[in-house]
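Each structure below is given as C-alpha cells.
Both complexes shown next keep subunit A, but they swap its partner, so subunit B is in the first and subunit C is in the second.
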Partner chain A sequence: MRTYVLRRLLQTIPLLVGISLITFLLLQLAPGDFLNQMAENPGISAETIEAMRVRFGLDKPWYVQYAIYLRNVVFHFDFGQSFARHQPVFEVLSDGFVNTLILAGAAAFITWVLAIPLGVVAAVRQHSWIDRALSFLAFVWLSVPEILAALLLLMMAARTGWFPVGGMRSLDYDELDGISQFFDILHHLALPALVVGLIPLASRMRQMRGSLLDVLRLDYVTTARAKGLSERTVIVKHALRNALNPMITLFGYTLGALVSGSFIVEIIFSWPGLGRITLDAILTQDQYLVMGAVLMASLVLIIGNLIADLLLAIADPRISYD
Partner chain B sequence: MTDIQRTQAATSGAGLGGPASEWPGAGVGAPRQSDDVVAPQSPAVVFWTQMRKSPLAIVGAIVLAIFYLMALFAPFIAPYPQEEMDRAKYFHPPQSLHWVRADGSFSPRPFVREMRVADMGSFEYEEDPSSELPLRFFVRGYPYELLGLVPSNVHLFGVDAPGRVLLFGSDSFGRCVLSRLLYGARISLTVGLVGIAISFTLGLLLGGIAGYFGGFADTVIMRTTELLLSIPSLYLIIALRAVFPLDLPSHQVYLGIVAILAFIGWAGLARVIRGLVLSMRKSDYVTAAEALGFSRLRVIRKHVLPNTMSYVIVAATLSIPGYILGEVILSFLGVGVQEPSASWGNMLNQARSIRALTTFPWLLFVPGTAIFLTVMAFNFLGDGLRDALDPRRVSGGRA
Partner chain C sequence: MTRIRILALVFVCAATILPGCRRMAQESVEYKDAIAPPEEPLVRQVATAGRHGGRFVLGVTVNPKMFNGLMANETSSRDITRLLDTTLVRYDNAAQEFVPELAKSWEVAPDGITWTFHLRRGAAFSDGHPITAEDVLFSFQIAYDKVLHPAIQDLLQVGGESFKVSAPDPYTVVINTLKPNSALLDTLCQGGLSIVPKHVLEAAYKSGGFASAYNVATPPEKIVSGGPFRLVQYVPGEKTVLGRNPHYYGFDQHKQRLPYLNEIVFLIVPDQDAADLKFRSGELDGLDNIKPENYRWYEENQQKGDFTLHDLGPEFSSRFFWFNLNRVQPPVRGEKPVAGKKVGEPFIDPVKYAWFSNTTFRRAVSMAIDRDAMISSVFFGEGEKSWSQIARTNKEWHNPDLVHDDYNPAESKRLLASIGLIDRNGDGVVEDPRGNPVTFTLKTNADNTMRVATANFVKDDLAKIGIRVLLTPVDFNTLITNLRSDFQYEAMLLGLQSGVPPSPANGQNVWRSSGETHVWFARQQKPATPEEARIDRLMDEILTNQDRAEQKRAWKDLQTIMSEQSWLIYLPILKIKVPVSNRFGNVDPSIMAHRILWNAERLFVKRRDS
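Coming up: the complex of A and B.
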C-alpha cells in the first residue's frame, strides 16, 4: 500500500510539469502579454514598460522564462508574482483556493446528504411511484446546465431578497461578532453551494440506487432475510455497507468535477474563488497567476482521483494494490 | 441506416475493466432481457423495435429536427435581421397574441398590440388596448438568401410597418429576441455537430492506433490524454481561449471555439476506444482477418473500428450538449461569439445583470429554455439510442 501511494505521488510530478508546460506554452502563443495592455495607457512611458519587462523577465526567450519559473517553484516554492495585483501568486491563490474549497465542500455535502437517502429509497421501493417520480425528476434535472440553474437562483435571490445576490461577505462583515460572521458567510454560500451541489445530485442518486439494487440481488442478502432479520436490518446493516463502496470511489472522482463545476457558478455569484481569479488573470494575461491557478485546480483533480483509489482499497478488503 | 445495420454486432465492449465504467449508465439499473428477439431479425428491425419502446427518444429526435430546421431557415422565420436595433424599443416585453378585439368581437386573424413606454427610466411598457397590429403571413421584409442560395425577401410572418412584432421581446439594444434566437441557433446548434465530428475523428483514430499497435504510440497517446484529463475542463477551455485574440471576426471565433472544444473532447473518447480495441484485437475474427493477410490499416478500418460504432454513436449524442454548453459558457463570459452576432451564450450574457433578472426576465427565459430543451432532447435521444443499439445493455439513467 505504501509503495503504491508513493508511486502514485511520484507519477503526479511529471503530470504537473506537463500541465505547467502546456499552460505556459498556451500563454506564449497568446498574442501580446500583460504589458501590452499597459502600453496602451498614455500615462505610462515606454521606458517604464521596458523596465517592467526586464523586471518580470518577459524580455527573455520563453524556454528561459519557463526554466526560471520551474527552478523557483522547485527550489524556493515560489510561484512568481502576479503582475496585476503586485502580490505573490501563492498568496493570491491561497485565498481563492480556500474559498473554492469552502464552496466545493458545502456543495459535496448537499449532494451526498440528499443523494444517498434518495437513492436508497428509490432502490428499496423499486418500481413504486416514488421511484418513478425520482427517476423522472433526475432525468429532467440532468438536462439543466449549471449556468441556467445559477442564473435562475440568482433571479430568485434578486426578486425575493431572501439571499444576497453575490459576493462572500456583507459590507458590515468586519463589525459582526464571530457567530454572525459565520452565518453571514453561510448566507452568501447557500445559493452557489446549492447550484454546484444539486447539479450532480441526479446522477449520484441514480448510482446509489443502482448500486444498492445490485447488492440486494446477492445471495447473502437472501440469507439475511431467510434468517428472519427485519427488512430494515437487512438493508441498513447488510446491504447498504457494500452498496456504499462504489459511491466512496465516486466521491473522490467527483472532487475534480466540483472544482470545474464551481467555475461558472463562482463567476455568476461573484464568489471570490479560484475560477474568478483565473478568468481575470487570463483576461489580463497575468501569466504566472494563470499557471498557478491551473496547477492548483489540476492538483485537486489529481489528488481527488488518488483519494478515490485509496478509499476504495480501505473500504473494500478484496482490493489490494500491491 | 447502413451504419447502424453494419454495427449491430458491436456490443462486445461489455467486459472492459476501466473504460466500461465510463460507458454512461454502466452499473445502473437492472439488465433488460431482450425477450422479443426470438427468431433472428435484421439489425434494422431490432433497432426500430427498440426505438419504438422509448417514446422519449422519439420526442427528442423530433424536437431536435424542428430546432435544426428552424436554424436552417432562420432568415425566413425571423421577422427582423439579428442586428437590427430599434432605439424606441429597448427592453420591450414579449407581446401576446390576441384574437379578441377591444370591442369584444372575434378577429379571425391573430394580432398583437402596440406597446408604449410608460416610464422611460424603468422601461415599463403598457399595452395600448385600442391598437391592433394584425399578424400577416408570408410578408415581404428584409432581403436574405435562403440556404445561402436563393435570394428572397419573404418572411414567415410580420406586421405592417411601422408597427413591430416582438413575440419574445427585445433586448438592451432594442433587437428582436426571437430573431436573435433563430440566428443564434445557427451558431449554438452547429458548434456541437462540428466539434463532435472533429474530436470523434481524432479520438477514434488515436484511440484505435493506441489500442491496436500498443507500444510506443500507445504510451505517448495515453500520457497525452492523461495530461489533458488532469486539467479541469473549464480551466483548460479558458486558457486555450487566451491563445486567440479577443477581437476576431465572428466566423473565426466560431472556428476557434470549435477547435478548442474538439481539442479537449477527444481525450476521453480515445481512452475508451483504446480499451474496446484492445479487447477486440484478441478476438477470433480479427485474428482471422490478420491471417488472411489484410494490412493492419484495413483490419482497423474494416473490422475493428466498425465494431466500436454503436458505442460511438451513443457517446456522440450524449456529448453534443457538452459542446453546446461550452460555446454558451465562453460567449456568456464574453470571450466567445461577439456582438452583434447572436449566439445563445451571448444572449444569456444580456440577462446577467440583477436589473435584467428582476425586470426583463425574458432575456433569461428565452435563450435558457432553448438551451434546456436542446440539452434534454439530446439526452433523451442518446438514452433511447443506447437501448436500441444494444438491447442487452442496461437501460435507464446516465452516469
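Coming up: the complex of A and C.
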C-alpha cells in the first residue's frame, strides 16, 4: 500500500509540470498581456508601460519566463507575484482557498446528509408514492441550471430579506462575539451551499437507491430476513453496508472536485473564494496568479482521486493495490 | 425529514441574526476629538454642520489592488487612495476649481514657471508625525524614479526633463516647471501626486521595495496616510474599510474636525446586478454605477426606499468611432520595419484609405447616424448628443456652439455622390468610380455591451446610405494590440474617459499628432496634415498661456478643427444618475470621480427625527 501511494504521488510531479506548461502556453497564446489593460488610459504613457513590462519580466520570450518560473517553484518554492496585487501568489490564493473549502465542505455535507437517507427511503419503499415524489423532485432539480438556481435564490433573498444578498460576513462581523460570528457565516453560507449541494443530490440519491436495490435482491438479505431479524436491522446492518461501497468511491471523487466545483456559484453570491480570484486573474492576464490557481485546483483533484482509490481499498477487502 | 430540520435551523438563524445586524449599523459611539487642532487648520465651508459618527457603505465591483497612491494605476485602487492620501491642492468637484489642501496657498511668479506652495503648519499624518516639505520632496523623488516609473512621471515633465523641485524651508515648496505649464495644478490635486510619508516609506524605497509597499497584505495600522481617512481593514473579495484619520487637519466652519463619518466601507459585489440587489435590500447606502435600464425603477422607488436618485447629467467621457489613417513610418528606437509595407504606405487597403482620408466622406458618415433613435433605444432614453471630448457638465471647458454634422441622410447621400460614391449597379451599396463597393469592418470590444449595441446601430444607419459595415466585436486585448501596435483594423469604436480635473491638457495624448492615443494616426513623427500641425500649436498654447480666456479660445479653435475634420465621429453619451440614501447630509454627488465620495469628509448621518 505504501509503495502504491508513493508511486501515485511521484506520478503527480510530471503531471503538474505538464499542466503548468500547457497553462502557461495558453496564457501566452492569448492576445496581449497584463499591461494591455492600461493602454486605454491616456494618462499612462508607453514608456511607463514599457518600464513595467521590464519590471515584471514580460519582455522576455515565453520559454525564458517559464524556465524562470519553474526554477523559482522548484528551488525556492516561490510561485511568483501577482502583477495586480504586488503580492505573492501563495498569499493571494490561501485566503480564497479556505473560503472555498468552507463553501464546498458545507455543500458536500448537504449532499451526503440528504442523499443517503433519501436514497435508502426510496429503495426500501420502491414504487411507493414517496419514491416517485423523490425521483420527480430529483429530476426537476437536476434539470435546473446551477446559474438559474443561484440567481433565483438571490432574488428571493433580496425580496424577502430572509437571507443576505451574497457575501460571506456582515459588516458588523468584527464586533460580534464568537457564537454570533459562527451563525453570521452560516447565515451567509446557507443559500450558496444549498445551490452547490443540491446539484449532485439527485444523482447521488438515485445511485444510493439503485445500489441498495441491487443488494436487497441478494441471497444473504433473504437469509437475514429468514433468520427473523427485524427489517431495520436487515437494511441498516446487512444491506446498507454493502450498498455503500460504490458511494465511497463517488465520495472520493467529490473531494477532488471540491475546489473547482463551486466557482460559478461563488461568483454569483460574491463568496470571496478562489472562483472570483481566478476569474479576475484570467480576465486581466495576471499570469502567475492564474498558474497558481490552476495548479492548486489540479493538486486537489489529484489528491482527491487518490483518496477515493484508497478509501475503496479500505472499505472493500477484495481490492488490493500491492 | 432531515431536510426540513436543516431548513428550520437556517430559518431560525435568519430570524435571530437579521434584526441584530440592522440595528448595529445605525448606532455609533459619539466621537471625542482628543487631538489639539493644528496651528493652521484647513477650514471647509459646509452647507449643513454635521455630527460625528456613522458609516457610509458604497458598493464597488472590483477589489483594490494596492493602497500605494503613487504606484496605483487603476480606478479601484485610486478611488481608495484618493481618500487616504493628501495632496498639495484639491479640486472642488462642485465649484470646478482648485482649493487649498495641504498647501494653504500658492502663487506663480510673473515668469510663469516658478510656483511657490506654502504648506500648512501643524498638519500631521495619521500616526501623528508632522507633514513637511521633506515628505513633498520625497514624493517627487519617487515620482521621478526611473525604475519605478509611476504613471504620473510623464505629467511632471516637459520634453522628457523633470521639473526642479526645492524646499527653502520646511513649509515652502518651490516648483520650477522649466516652461510655462497651465496644467501643473491638475497633476498636484487628488488623483494626482499623492504626498506619502517619508518616515514610513523611505526604508522601503532605499531597499528597492517601494513598488510593493502599502500592498493589500500590509497590516492596515502600518499604512500611514495624510488624507481625511486611513485604512482600517481590507478583506479580499469582501470589503475595504476606511476610518477617520484623527489627525486630519480639516475642520468645518464651526470648528468641528472633519471627517464627520466614522467609517466608509467599499463593499465588494460581483457585478452591477448584484450591487443593484444589495442596494434594493438596503445593504448599501450609495451606488455610483447603475445601469440606465434600471433608472426608472430607482426613480419610482425613491420614497419607498428612502433614497434620492441624483441626476448628474451626461457622463464625463466620450464615445466615438474613427477610420484607420495610420501609415507606415520610418522605424525608430530599434523597432522592426513593417513587413511587406514601404514607408508612407497605409496599413489598410489603399482603396479604402482613399475614401477614409477624405473629409467629405467622414462628414457624410457622421450625417448618416440617427443619434436620437440611438438614444431612445440603446440608451433607454437616458442619453445626450455630444460633439467633443468635453461634455456640457464641464462648466469651464464645454463649447455649446460647436459646429457639428448631425443626422441628415439626404445631405449625407449628396456628399457621397459629390466624391463619386454612388450606387452604380443598383444593389443598394455605393461604389467608387472604379467599381469597388464601399464596405468596411468596424471593431469594438465584445465585453462592452453598450459599445456593441451602438456599433450595431452605426451599421444599420450606414446601410441606409449604401455603406456596408461588417461588425467585429473582439476581445479587449486584441483591440488594444490592433490599436497600439499592429494597426490591423479599418474602423474602431471606443470611448475615452476624461481626467479629473477635466482640463484639455489631460487630453494631450489624444490631440497631439505625436500622441500615443492620437488614434486615427498615432505617434506621427511630424504632423501629417496642416490641420494636425495647427492642433499641435494650439495645444502648446493651451499649456503655456497663463491667460484663461486665451486658453479657452485656443481650445475652441482646436475643437472646431476636430469637428470640421470629423476624424473622430462622436456618438451620444449616457446621462448618469446615482442613488444615495436619504440618511446622509451634505450629499452633493458630482459627475466627476469620485461621484458620491468626492466630499466624503463632509458627509454625515442625519439625526433620525430631523
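We take it that the second predicted complex is superposed on the first by the 308 of 322 C-alpha atoms of A that agree within 3 Å, B and C clash if a C-alpha of one lies under 4 Å from a C-alpha of the other, contacts with A are read in each partner's own complex, and residues count from 1 in each chain.
Assume contacts are C-beta pairs under 8 Å (C-beta built on N, C-alpha and C of every residue); 3 or more make two chains touch, one makes a residue touch a chain.
All values reported here derive from a predicted model rather than from experimental measurement.
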| item | value |
| --- | --- |
| Room on subunit A for both subunit B and subunit C (clash or fit) | clash |
| Partner chain in contact with A:G210 - subunit B first, subunit C second, else both or neither | first |
| Partner chain in contact with A:Q65 - subunit B first, subunit C second, else both or neither | neither |
| Touched partner set for A:G256, first subunit B, second subunit C, both or neither | first |
| First (subunit B), second (subunit C), both or neither touched by A:G18 | first |
| Partner chain in contact with A:I282 - subunit B first, subunit C second, else both or neither | first |
| First (subunit B), second (subunit C), both or neither touched by A:S298 | first |
| First, second, both or neither for A:A202, with subunit B first and subunit C second | first |
| Partner chain in contact with A:V290 - subunit B first, subunit C second, else both or neither | first |
| Partner chain in contact with A:F163 - subunit B first, subunit C second, else both or neither | second |
| Intersection of subunit A interface sets (partners subunit B, subunit C) | 30-31, 154-155, 158, 165, 267-268, 285 |
| Contacting residues of subunit B [partner subunit A, same complex] | 27-30, 223, 226-227, 230-236, 238-245, 321, 325, 328-329, 332-333, 335, 348, 351-352, 354, 357-358, 361, 364, 368, 371-372, 375-376, 379, 396-399 |
| Touch list for subunit C against partner subunit A, complex | 2-3, 6, 10-11, 13-14, 16-18, 20-21, 24-25, 55, 57, 62-63, 65-66, 68, 71, 73-74, 146-151, 153-155, 211-212, 215-217, 233, 235-239, 265, 267-270, 274, 277-278, 280-283, 475-478, 480-481, 483-484, 494, 496-497, 499, 506-510, 515-517 |
| Subunit A to subunit B touching residues, read off their complex | 15, 18-19, 22-23, 26-27, 29-31, 135, 138-140, 142-145, 147-148, 151-152, 154-155, 158-159, 165, 202-203, 206-207, 209-211, 213-214, 246, 256-257, 259-260, 263-264, 267-268, 275, 278-279, 282-283, 285, 290, 293-294, 297-298, 300-302 |
| Residues of subunit A defined as touching subunit C within the complex | 30-33, 36-48, 51-52, 55, 81, 84-87, 91-92, 95-96, 99, 110, 113-114, 117, 154-155, 157-158, 161-172, 174-175, 180, 183-184, 186-187, 190, 267-273, 276-277, 280, 285 |
